[in-house]
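Reviewing the structure listed below.
Letters are used for the chains, namely A, B and C, taken in the order the chains are written, and counting of residues starts over at 1 for each.
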Amino acid sequence: MAVTPSLDVRGLAYAYPDGHQALFGVDLVVERGERVALLGPNGAGKTTLVLHLNGILAGGAGTVRVGGLEVREHDRDTLREIRRRVGIVFQDPDDQLFMPTVRDDVAFGPANLGLRGPELDARVDAALQAVGMAGVADRPPHHLSFGQRRRVAVATVLAMEPDVLVLDEPTSNLDPASRRELAEVLESIDVTLLVVTHDLPYALELCERSIVLSGGTIVADGPTPDVLADAAMLREHRLELPYGFDPRSVPGRQTGYGGGRSTRTAARR
Amino acid sequence: MHVPDGFLDASTSLATGAVAVTAVGVALRKARDELDERTAPLAGLTAAFVFAVQMLNFPVGVGTSGHLMGGALAAALVGPWTAVLCVSVVLIVQALLFADGGLTALGTNITLMAVVTVAVGWFFTAAVLAVVARRPASVVPASAVGALLSVPAAALAFVVLFAIGGEANLSIGALTVGMLGWHLLIGFGEAVITALTVSAVVAVRPDLVHAARGLRPALRLKDADGALVDAPAGRETVQPRHGTRNLLVGGGIVALCLAGVVTFFANGNPDGLEYVAGEQGFLVTARDHLFDDQALADYGEVGGIPVGVAGVLGVVLTVGLGWLVFRAVSRRSDRSGAGVQSH
Amino acid sequence: MGSGHSHLLFRHGDSLVHRLPAHAKVLALLGFVMVVVATPRERYWAFAGYAVLLAGVAAVAKIPPGFVARRMVVEIPFVAFAVLMPVVSSGGRVDVLGVSLSEDGLLSGWNLLAKGTLGVIASILLAATTDARALLLGLQRLRLPARLVEIAAFMVRYLDVVAGEMQRMRVARESRAFEARHLGHLRVVAQGAGALFVRTYERGERVHLAMLSRGYAGAMPLESGPGGAAPSGLAVVLPAAALVVAWAAAVWL
């Protein structure tokens, strides 16, 4: 396949200003349409890796390419395009909802891209529709429930029509019904998906491929059912399946959204 | 030290307005090098901090109140040019939303509290940094010295401006003693607060302290095999160039303050004579009133126009000259620095 | 982080003055203060006229006099200065109630008091009828450099956050029986200041990262804010009236 991968990370290493090194060389390729779960213990470097994908963090070693475009630290024009292509939904929706109304928040992103007037309104309405939040457009975000705010946060990113959607812990603090509603939303959109999560059943449900990041490097990369079945590896990296959950007992996902099949076999490093 | 409306006569207010506009304009250009997309909110936070710091008021002799300035602290955290912008923003918002500082005195207040304190504070911070060990912790004593000296410098500048165009007939000697005395004390308080704040920040987030840039040990990264790899050169390599430039400009502005002091001494004599010639003061006052009705009636100047104009002209000329020199220097160093990694 | 609408001096209302766009009000304030400052100090009745004008604006804006009076506390330092002026000034003396005061000092003191106070009251009226966000939009309209408006916007947001964090830290300190009693405690408070700085920054940093991720590049996209419903031309009434007062005082007195 000569198609450019959505994400191409090579040799990524990074240390924070206070000296703490978080990534020790990460190689990762995600093809168009793939749905990948990023698993790992706390402190593994998952959020650090994610923040490199749209240029928020940079200046370490290695390269990051988004759809062929290289992320460069001070190149404002490239960064703007990359931030259109990669949409990140952060863990805390309150960090992302900072405007007086839901409509203003969803409009913030496309407005920064230059949209105005009816075109902007159409984009906002479509995004809210996609997450099922069209009815709350004129309410202040802090009047919504947590699950609703999560979905609005997803809408704020969807409004930019990204090629890659990255979600950081999307199910934390969600009640089971909201969790399911979010899964339905994510099923229905046509993007490349990268989900950082501790919620292993969710990973099995949504993503056909899983990557385990631990201690700043990738230690496992393969079809989700295979990764989750490797109990010894999971234990070594502080991952545990929920009580009574057997990954082999459910079919799991076989393909990404656009039909791209994962051909990788479980690889241990 | 917020000056209200009507405190200084119009020509001095206008002159300080010109100084303020020039300084802010230059700062806007230079701040682009200090501010990348990540540090703009840091500048806002620094401004909020300066705002909070300035709320600590001390009663000062001669009926005014002094307070912490925050200029040296801001310069240590976000760099001198951004610090000028931060404090200017604080003063603008204070004048508009908090009625603190007259709107027509904004130029004066910016000159005193944004330009003088930042310039003197940063000059001495950089000077100390140039001679002590190159470690992040060095910024603490350096910024403390800068803070200590910046406050009386601002007080002195205040006296100078008052001597040039104050709308009152006061003994400049008494004013100087009062202002300098109290502001030396305030300077100590400012030094302590600056040192403790900067030390707390540099211990946890040295990347948030502009003065500590270039002082961090070189970054080394480990790849998965455990082998050490050097990180690619970051923006630190550009640092030394900025250092000399800042010292030059800082020195230029200190020279400006000195020029103002010379003007003040020239002004002191007539006041001293007036004071000594007690009874004759009445005649002098009467003449001033006659003067008021004729030439510049609407401005009600008291201090004697020729000296005031000279002082103003001196200030403007020095600033203009300094700026021209600065531009020439920066253009030359831009050319020579073309080989260094730029962005 | 809050949206930074209200601030200490803001008073909610729906008067004509509240509805004037912020940039017009700022210009009106500036014009008015310039007229006041340019008035020679001997024209006592002019200053009375200006005070009447300001009272009129306050009435239209439905701002009670107590509200204004309470916020004039900021004046105290230079009121004290103005009062001391006749005592410490040099020049010819006059006797007032048995105390020898400098005539020039009396005039200077009056000058300072009158102009400074009028300036403060006018500023309070502006602040009371303009919320922070509207003001920033107004400053942006007045072509204040974008950088400055950006820093001001962040400053206003952070003031809320800083105040909240300070409160939390104070509660935490006092829950462990700490009371700032003497100068030695300055160290604790100042170290708290450093921690406050970092905490507030990191709290705001996450929001800023989210903004960056959605393409924020320095300029807030101009949103439709509250206010601005009244025509901006109305704001010229105040400085124009002040000019009329100044001219009248010059001609008839």
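Observations on the model:
One rule holds for everything that comes next: a residue touches a chain if its C-beta (ideal position, glycine included) is under 8 Å from a C-beta of that chain, and two chains touch if they have at least 3 such contacts.
None of these values were measured; they are calculated from a predicted model.
Of all chains, A has its CA centroid at the greatest distance from the CA centroid of chain B. Between A-B and A-C, more C-beta contact pairs are found at A-C.
Separating the centre of chain B from that of chain C, both taken as means of CA atoms, is a distance of 22 Å. For this pair, chain A with chain B, the centres built from the Cα atoms lie 47 Å apart. Each chain gets a centre from the mean of its Cα atoms; for chain A and chain C, those two points are 46 Å apart. In chain C, the residues that touch at least two other chains are 212, 217. Along chain B, residues 204-205 each make contact with two or more other chains. Across the interface of their complex, chain A is touched by residues 36, 204-207, 216, 219, 221-224, 229, 231-232, 234, 343 of chain B.
Listed in rising order, the residues of chain C touching chain B in the complex are 7-9, 26, 29-30, 33-34, 36-41, 71-72, 74-78, 80-85, 88-92, 102-105, 108-109, 111-112, 114-116, 118-121, 123-124, 126-127, 130, 132, 135, 139, 145, 147-148, 150-159, 162, 166, 186-187, 190-191, 193-195, 197-198, 200-202, 204-205, 208, 212, 217-218.
Note for the complex: chain A touches chain C at residues 51, 54, 56, 76, 80, 83-84, 87-88, 90, 92, 95-96, 98-100, 104, 107-109, 111-113, 156-157, 160. In the complex of the two chains, the chain B residues touching chain C come out as 4-7, 10, 13, 24, 28, 31, 35, 37-38, 40-45, 47-49, 51-52, 57, 62-65, 77, 85-86, 88-90, 92-93, 95-100, 102-104, 167-171, 174, 189, 192-193, 196-201, 204-205, 208, 271, 274-275, 281-282, 284-285, 292, 297-300, 302.
Taken together, the chain A residues at the contact with chain B in this complex read 11, 13-15, 17-18, 21, 24-25, 59-61, 73-74, 217.
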